[in-house]
Structures are given as C-alpha cells and as structure tokens.
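The structure appears right after this line, and notes come after that.
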C-alpha cells in the first residue's frame, strides 16, 4: 500500500478543491493520519472506499476527540541592540493567545478485500459550540452508524446525513456531552459513604446526614475536609471513625 | 432419517444422567457450606496489611504510609493518612506509619494493583471471601485494625509468594543492618544521644484496641456532635495513658 | 397494543437506505392486520443482559426492530481518561466480562504500540494461550446460551458451563480471579504459570475435543435445531463488510478476515491453524463456526504448550509505576472471541491517556440486527441476537 | 386370560372405602361413596403432582450433571430425633414450594380483566382434574365408568386450553397475548392428531370405554408376551403420534411455545404470581399426568401386568409404575430437546402427524379386517401393517426435513 504521504498527494490531485493535510503522529506507532476537508469529506470517503488500489471497504473504528480551547503562551524573542554599544539585549515578549478548540472525528479504515490498512482520516469541526456539524460517513460505511451516534451522544458532533441520529448510550433527555473535557458531573447522586478523596469531599455532607442523623450537612461541610487524627473536631471523625468495631 | 438427531440427543443426555451417578468428573457441583474447594494459592480477594508481629499488629505494620497505593488504586478505595511521628520499622529505621488506613471493600474491585505498586511489600491480597455484613456502609469499610494481619498469615495463604517476599526482604534488611552497623560504629555517640527520645515516643506500651471498645456503643451516637472528649478512635497505639483517663469516666 | 400506519412504516424502512446491494426486506402487505409493538428488554430472559429491542410485530413476524442501548453505560472511556494507563487495565476486565484475558491483551497491545514496549517470548506465548483459552470459554458460553435461546431447558448450557468452569478454574489458579483476570501488563504478563498449572491446562485442552464431540452429537444433527437455525438471519458478505461486522459473525458470511492471520499480531504467524468460513451466513453457520473455531483453538493451544519457551515474562524495561508514553496515538486491535477488539489511545505525555477509546465488537456487530431479523418471527430474533454474541458490558461500556 | 386373584392388597383400598361408607346412615352412603373417591383421587394425584415436580427437578438436574434440590428436610421443630442430619434428599421441597407460593404476594396488573384473570387458573385446574374421572387406575378402580369415556376425556382436556387463552387475554400483557394466540394455534393443530392417534384403538376394540379398552389388552400372546397395543405396528405408530401430540397438548418442551421463556418471558403466566401461578403449574402437571394415564390405558395395557408371573403386584401399582415411566420419559425429552417455532409446530402437525395418523387409522382398519388371518398369513399381516407405518413416515419425514441438513465447511486458503 502507498504511504500516507503518497495518498495525500493523490487525494490533493483528485480533489483540488479540498484541503487534505497530513497529520504526523509523533509517537512510536507512527500511524500518520489525514485531515480532510469536512465539506468534501463524504466524497473523499467514497473515493477511498471505491478506489481500486485502496478499496478501504471496512471502517473499523470511529471516534471523537475533544480538543478544548488551549491557551498558548508565545514567547517572541527580539534582540534589541544596546544603544550604548554594549552586547545586544534579548527581550522576551510574552503574548497569550487562545488556540480555538474543536471536535474531531477519527476514522480508522482498513481494506478487507486487499487486507491492508489502516488509513486514519480525521474531520474537524469549526469550534466546540455551534459549528459542530460534520458530514456523516454512515452512507459510505454502515459501521459508522452506531459509532457516529455515540460520538453525537458523548461529544456532541452533529453528523449531517446520518439516517438515525439519536443518543446512543445516554438517555434522550440528557443535556450535556459527557466525553468532553470540560464536562462537569452533575451533583445529583445518592451519595453513599465512600472513603476517598474527591468523592469523599463531596459525599461528606450526604454521609454525615445519613450516619449521624442529627448533624446538619451544611454546617459540617464547612469543616476542614481532613483533620489530623486526634483532632477535637467531631465532624471530621464521622465517616471513617464510625466504622470502627 | 427424521428423528435420528433427536434420538442421538436423547442418548447423550441419558449417558450424562447415568454418568452423573458414577463419574465424578461430570459433576462439578460443590455443596458449599459443607464442602469447600481448596482455594488456589494465587486467589485474591481484598487487600490486607502485613504486620511483622502478631502480638502488636498496629505497632509493626510494614506500611510506611507512602500513599502510592492510594494514588494508583483505580477505583480510589484506599484512604491513608500519614502519622505525624515516626517509629522504627523492622530494620530499625524510623519510618512514618499510617495513622488512618481504610479500604472500602464495597468499592474495591480486587485488582491487585495496590499490591503490585507497593514498594514495601506491605499490602497483600487476602483470601477471605465470606465478607457478608449487615451494615453495608460500615462493616464493609475495613479500617487499619481489621486490615492488619500477621506475616505468618501471609505465609499461610500464599506460601510461595510469601517465601519469596521474605527472602527478598531479609537480604535487604541484612544489607541495611550491615550498613547501619557500619554507620553506627562510625558515629555511635552522636546517634545514641538522639535515638533515646525517639524510642520513648514510639513505645507502643500496653495500649491495644481493647480499652476503646467498651465505651464505643454508649458514646458513638452522641459523641460526634456533643462530646468534647477526644476519642481514641483508631489510634490506640498513639493514645497514651493520659488520654485514656478522661475516656473512662465518660463510659 | 400500539397500532401504527403501515404506510409510515414502509416509508421509514425504505428511507433507511442500505448502501451497496439489496437487503432483507420485511414481508408486509396491506392485507395484514394491526401491528404490535413489543419492547423486549431491558428485563427479558434472552437479551443477554440489559439490552432492549423495540420490535414491531405483524402477528409474530418482525417488521421493524430498533435496538436500544445504554442501560449498562458507565462511561468507561471517561473513567479511563481520568486514571493511569495501568489503572484502566482492571477496568478492561469489566468490558467483556466473559473474556477478560483477551480484552486485557488488546489494551496491552495498544499501549505497547503507543509506547514501543517490547514483550518477551514467553509472555507472547502465554498471551496466546490465555487468548485461546478465553476463546474456548467465550464460544462454549455462546453455544450454550444460543441453545437456551432456542428453548432447551438449560441442558446444553450446563454442559458448556461444565467445561467453561474448568477453564475458569485455571484462570483463577493463575491470575487469582475467575473472570476479572487482570493478567496482562504492558510488556508482559503478571504471573508465571507453574509447571503443574501448565500440565493441568494441557490435560484440559487435550480433553476438550471430547466435549465438543459430545455436544455436536447431542445438538448439531438435531432436526429441530436445523429447522430453527438454517436460513435464519441470513447475512450477505457485502453488507457484513460494509457494516463493519467482525469475528465469527463476519466469517460465517464467507469473508476471510481473521486478524490473527491478517495482522499477525503476537506470535500467531508461528502457529499452524486454519480459519473456517461459512457459506450461507445464517444462524447455523454462525453456530458451527464457533464449534470449528474451538477445534482450531485447541490446535493452537496444543502447539503453544509444546513450544512454550522459558525466560522472563516481563520485559525488564517495562515500568509499572509512573508510566508515561510519549505523545502520540496508536490503534491496537486483535481478534477477540467476538470480533475485532480495538483500543485507540492518544497520549499527551501525561500519566493518563488523553483519549481512550474502545472499539467494541459486540456493539458494532449489532449494526445489522434489524436487517437480519426483518421477516423472521420473534422467536428467531432472539436466536439471531444469541448467535451474534454480545456482552452488554462491552456494548454499553 | 387368567383371572388375577383378588389379593388383599388389590382389594384393600376398596374395602376401606366400603367400611367407611357403611358407618354412615343410608341416605348419605351414596354421597360418601363418591366423595371418598374424589378425595382419594385429589389426595393421591395431589401428592403425585408434588413428587412429580421434585422428580422433574432432580432428574433434569442429573441430566445436566447437577444435584438438584437436596436441602429441604424436616422442619427444625420436628420432634423426630434425626431431623438435624436427614435432609430426606430434598424430598420435602414441594411442600416448601407450596408454602412459598401461598405466602407470596398476589399481583394483578391494574389494566387486567380482574375477573377473568382470577377465573383462568381456577378453570384450568378444574378441567384438568376432571379428566381423571375416566381413567381406570386399577382393576376395580375406575371413578366413573362412562361408555363415551374417551370423548369426555378430550372434551375436558380441550377446555384447559381455553383457560390458557383466558389467562393470556385477561393479563393485558403483549407477551401474554402472543402466548394466548400461540396456545390456540397449538390446541387446534394438535387436538386432531391426538384424537386421530386414538381412533385406531377405538376401531380395534370397538368401544370408547376406557375400561373395555384395558380389558381387551389383557391376554398374552404365546402365554407370556403382553398383548398391549403398543406392540402392534399400528399401535406403535399411534403411540408415537400420541406421545408427540400429548407433549404439545400439555405444553411441554419441545412444544412449550405458550410459555416460551426465552421469547415471551413466561407467556401466559407473565402476569401471574403467587398461588395463581402455582395453580397453573399444577394444572400443567395434572394435564401431563392425565394424558400419560390415557396413553398407558390405551397403548400400554393400562393396569395390566406385563407378565403373568408379576400379577401378584396390585393392578393400581402397575398403573402408577407405567405412569411414572411415561412421565420420566417426558422429563427426559424436556431435558434434551429445543423448542420449535410456531409455524414449524403447526407444520409438523398438519403435514406430518395428521397424514400419518390418518394412514394409521386405515392401518388399524386393515388390522381389524385381517383378524382371522393365521399361520403364515399372520406374517403377511404384520408385514403389510409395518409397511403402512414405515413408508409414509419415511417419505413424509423426508419432505418435512427437506432443505435442512448438516453442512460441511471450507477453510480459508
């Protein structure tokens, strides 16, 4: 099979209107991928499927990746010549700019008839808020059906042209998209007394109410979370110490 | 012919029926409470802490409260609080110890990662599987006292592994001792002056979990809210005689 | 009883276009009566867990069937992204809880691909032994449950479980847990089997064909079994490939695609085994393929026990704690008992994966469930679902 | 036919009844006579039902290499000294089950037709019990000696299927409704082969009375071979058809479609709980027992001993032993076979069993016409009769299983 670089060149020649970028994978696996123009995504996908040299008839894995907005600190070094004639000074100018985030759909394509692969293609949305529409590749590969529904469910990418775009794993009334990096869990669980860390902090109010029965949760949650052993603060003793035989 | 497949099937089940009376290989049932299978040595259930000495489990825990297992535990079921003081471990080196060590077995998934990451061989997998309890919140939360089991018990349930671990530890300790001896011989005078007060603090004394238990039922519901008395809690080792004094009148 | 207009229904069926070739269509015409919508699941004896199928019936015939997922969803991927690479290993046990050994391996494979970790020879062999034993476990379970769906009174299931029990006991003796093995590590395996364990496993594997013979004698030629499974849930290869079906379900349709041969991961190229292929792609082929695959697995296991080399089981460079692969991404996949099980990982150099994705064969093999069931009766739908072989822990993750 | 001695054991239950009856004043004696009979049947077959359930569970367990229920013993407050050690092999399990069923909450769906929902289990038990009235349990043990006993039996038996439909319809559950439809289809399909399989017996014996049918099987060929109808070609074919149809009529595996647990959850029983569920369960076993009893009566010589020298065993024990044998066979079948689909079920009935049964009626007619053939002609008679059974079975079987065969598989190159 041709390399990803060759494939990119061929795609660029075949679809001059489309932007096909090579995304290098710096890791050991070195599975480089192609970022396709979302507008022409489906045409390119059809080409990939039907091209006799490629015959990528099998779309193995479809997944979303969330790239949140990232603050990037640019350091611009300028050499300011010293007017006094000394050695030139290096002035660092720091500027912070926000790299806009996006959502990305990654497709791993293989060929079952020619037994080669993978070709990894990526489609990017405009941003993470409103421009989240990508063309659905389900008409090209039926295997994308449930996986694109899952991405729609968990990441919030809307796949235009998907025949049955509903939430797959979460219930229909669910609002958020849990796999996004900025997803905040709703604090509406029935907390059970558990022992550890962050969960403990959040559970403490609930626990105390359940265990002591008399302690006001609001009052006790104001106490420091972890007091030193032997501390005289009664509230901190509750979850762990009650467990003593 | 129609029916031959059905008759073949009937023959197979009939063979199994007869076989179930004379062929023990076919019968896999173990009538549990009366009969028990021998647990394989590698069987793992929930973790326990190893203490060097059965008579003083809290004083001789191998755990040094490094909190690696707490961090690595995938379901985050371990809770550790470091002690403020230090006490000598098996090789005599002063170490921290866990003032609080709890494992929530209702969260624990018996994955053994805590055992694998522990650099001190202090936590091992237990084989007790009859852990049914009536209070799912408190009986399933294992505290330091419930978790601590002597090294001999470890040898009993995982003989091969324990022998290997002990062998490794012994060589390490011997090397450490020899090193310490060499170091001690070099600056014996300076070290002796310092070591006396440390030993005094770390002395476990007669305190054991026993004195704490009688007061527990009476004071438990009211104490967290009202009683200003510092309860010994799961700190029997660090509770000196002075603290036991005020606790007794409360009962 | 819900009654819907068949015209709408027909329109809906055609609207859901099937790319590439004709498809199974519901036999439904105007002269039939009202339609009955039955919600099978999430509490139903033969949905193999909390799976739900909303079936629209015309009499007993299925004219529409929508799978509903998510009742066992716990967002495994999010959990894994919030824990270390090692920390998600025990969670992978809980994906396909019947075959934790292969799921472990798939994850280890992906991480090893991501980090460039080498694996010693003995560990490679052990992995193949475990994976093939797992295949035996899974397929034995599957054929047992399939007959339960077909209406036996548990007899074949219990015969299959009798054999499975022996393998599971071996897993327990080795890894400490019967189902949640947590055995593979990045760069090797966790426990080295003792010679006694290997001897016991070898005896078991040598006796396994006897169970298969007994099982086949009891059921494969059974006239009711033939009538219930042949021609049911037919799947043509073009559709199967396009829908991304993998594993025995795909090969039952006659597509030769076994990752053990195609990717040759692990040491599989060193082994001599064949890949059975079906012709009709119906439930009977899917059943028989499992039986034949078990026979091939036995062959692989015999070779593996024969050739098992000595040596370490962990790569000395492998790190257990503070494992941070270089930034990059990798997609590792292997031929699980249910199909292609893949793990897609993106690392950003931190101890936790930036993106962790499981490609669940159980979920994707359900893509064509509706097409396979259309035109068959409700009794067949249950059998077709059984022959696809799903585990809800993996479907819903 | 040698007349069996009226041994003490043979007569004992009757004597006991007569003794009890004569204690009462004259006008009540007729009533008491019948009441005692009814109570005796209820008690015996109630217990029989109880032990059938435990036998089924234990036998199925053994077929499946399990142990089966073996824990229930005597209650702890038993005064017997050995209660602690003896679990009686779990034989008291049915009584524990009964207590459980009685104490369970009875849930009726809000949308259900409450009256029919209640009536269905009552009817199903009542009708399945009524069939026992015409079974000859022993030489002198026939509750009601009807001339048209067989007609009565089938009429009462068919009514239970109506109750199953009632249960399915009144539950307002889609699964129950589907099960009710299936039950009706099954009833109509299998009533016919069931009755047709019995017709040859009626043809040969010339009577519908069960008592007379048993008596006509009561002599020995060559002095030692039992002259049961199952040992004739038409009788054997009829018996096999009867067995299959009886399995279907009593909703047993492989014909347990109305309560197919893997498809329809529990079919018509989905919305039943507690004691009503137990009643259905009971009716199913009563139906099974009654049909087995009929099979024993018609084809297996009823209460007759198989060999003359075994006649010292009381006739009712012979009946019970044969009955138990039949039921064990049904359990064995249940432990082995898988379920048919509804279209295959009806196809089996209409395309296979009904033609076979019809031909078998002709076969029996041939048998009746040739009763006077003797000597070598006897062999011809057997040969012709066998051919009438075997050839249609072969050809119909081929057409029924056409297109279904085990396959061979290729391997990837």
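Every chain is named by a letter (A, B, C and D) in the order it is written, and numbering of its residues begins at 1.
The criterion applied here is as follows: contacts are C-beta pairs under 8 Å (C-beta built on N, C-alpha and C of every residue); 3 or more make two chains touch, one makes a residue touch a chain.
Note that this is a predicted model, so its numbers are computed, not measured.
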item	value
Neighbouring chains common to chain C and chain D, by label	B
Centroid-based (C-alpha) most distant chain relative to chain C	D
Winner on C-beta contact pairs when A-C is weighed against B-D	A-C
Chain centre separation (chain A, chain C; CA means) in Å	27
For chain A paired with chain B, centre-to-centre distance based on mean C-alpha positions, whole Å	39
Inter-centroid spacing, chain D versus chain A (mean Cα positions, whole Å)	65
Interchain centroid distance [CA atoms averaged], chain B/chain D, Å	61
Per-residue multi-chain contacts in chain A, two or more chains	none
Multi-partner residues of chain D (at least 2 other chains)	63-66, 335-337, 401
Numbers and ranges of chain B residues touching at least 2 other chains	2-3, 6, 9, 12-13, 16, 26, 28, 73
Footprint of chain B on chain D - complex, ascending	59, 62-67, 332-333, 335-337, 393-394, 397-398, 400-401
Of chain B, residues touching chain D in the complex	1-3, 6, 9-10, 12-14, 16-17, 19-21, 26-29, 31
Touching residues on chain C, where the partner in the complex is chain B	83-84, 86-91, 93-94, 155, 159, 162, 165-166, 169, 172-177, 180, 182, 190-191, 214, 217-226, 320-321
Touching residues on chain C, where the partner in the complex is chain D	1, 36-38, 44-46, 57, 60, 147-155, 158-159, 162, 218-228, 230-231, 256, 258, 261, 274-280, 284-285, 288-289, 292, 377-380, 382
Chain C contact footprint on chain D (complex, rising order)	60, 63-66, 174-175, 177-178, 253-254, 256, 260-265, 334-344, 401, 403-407, 409-413
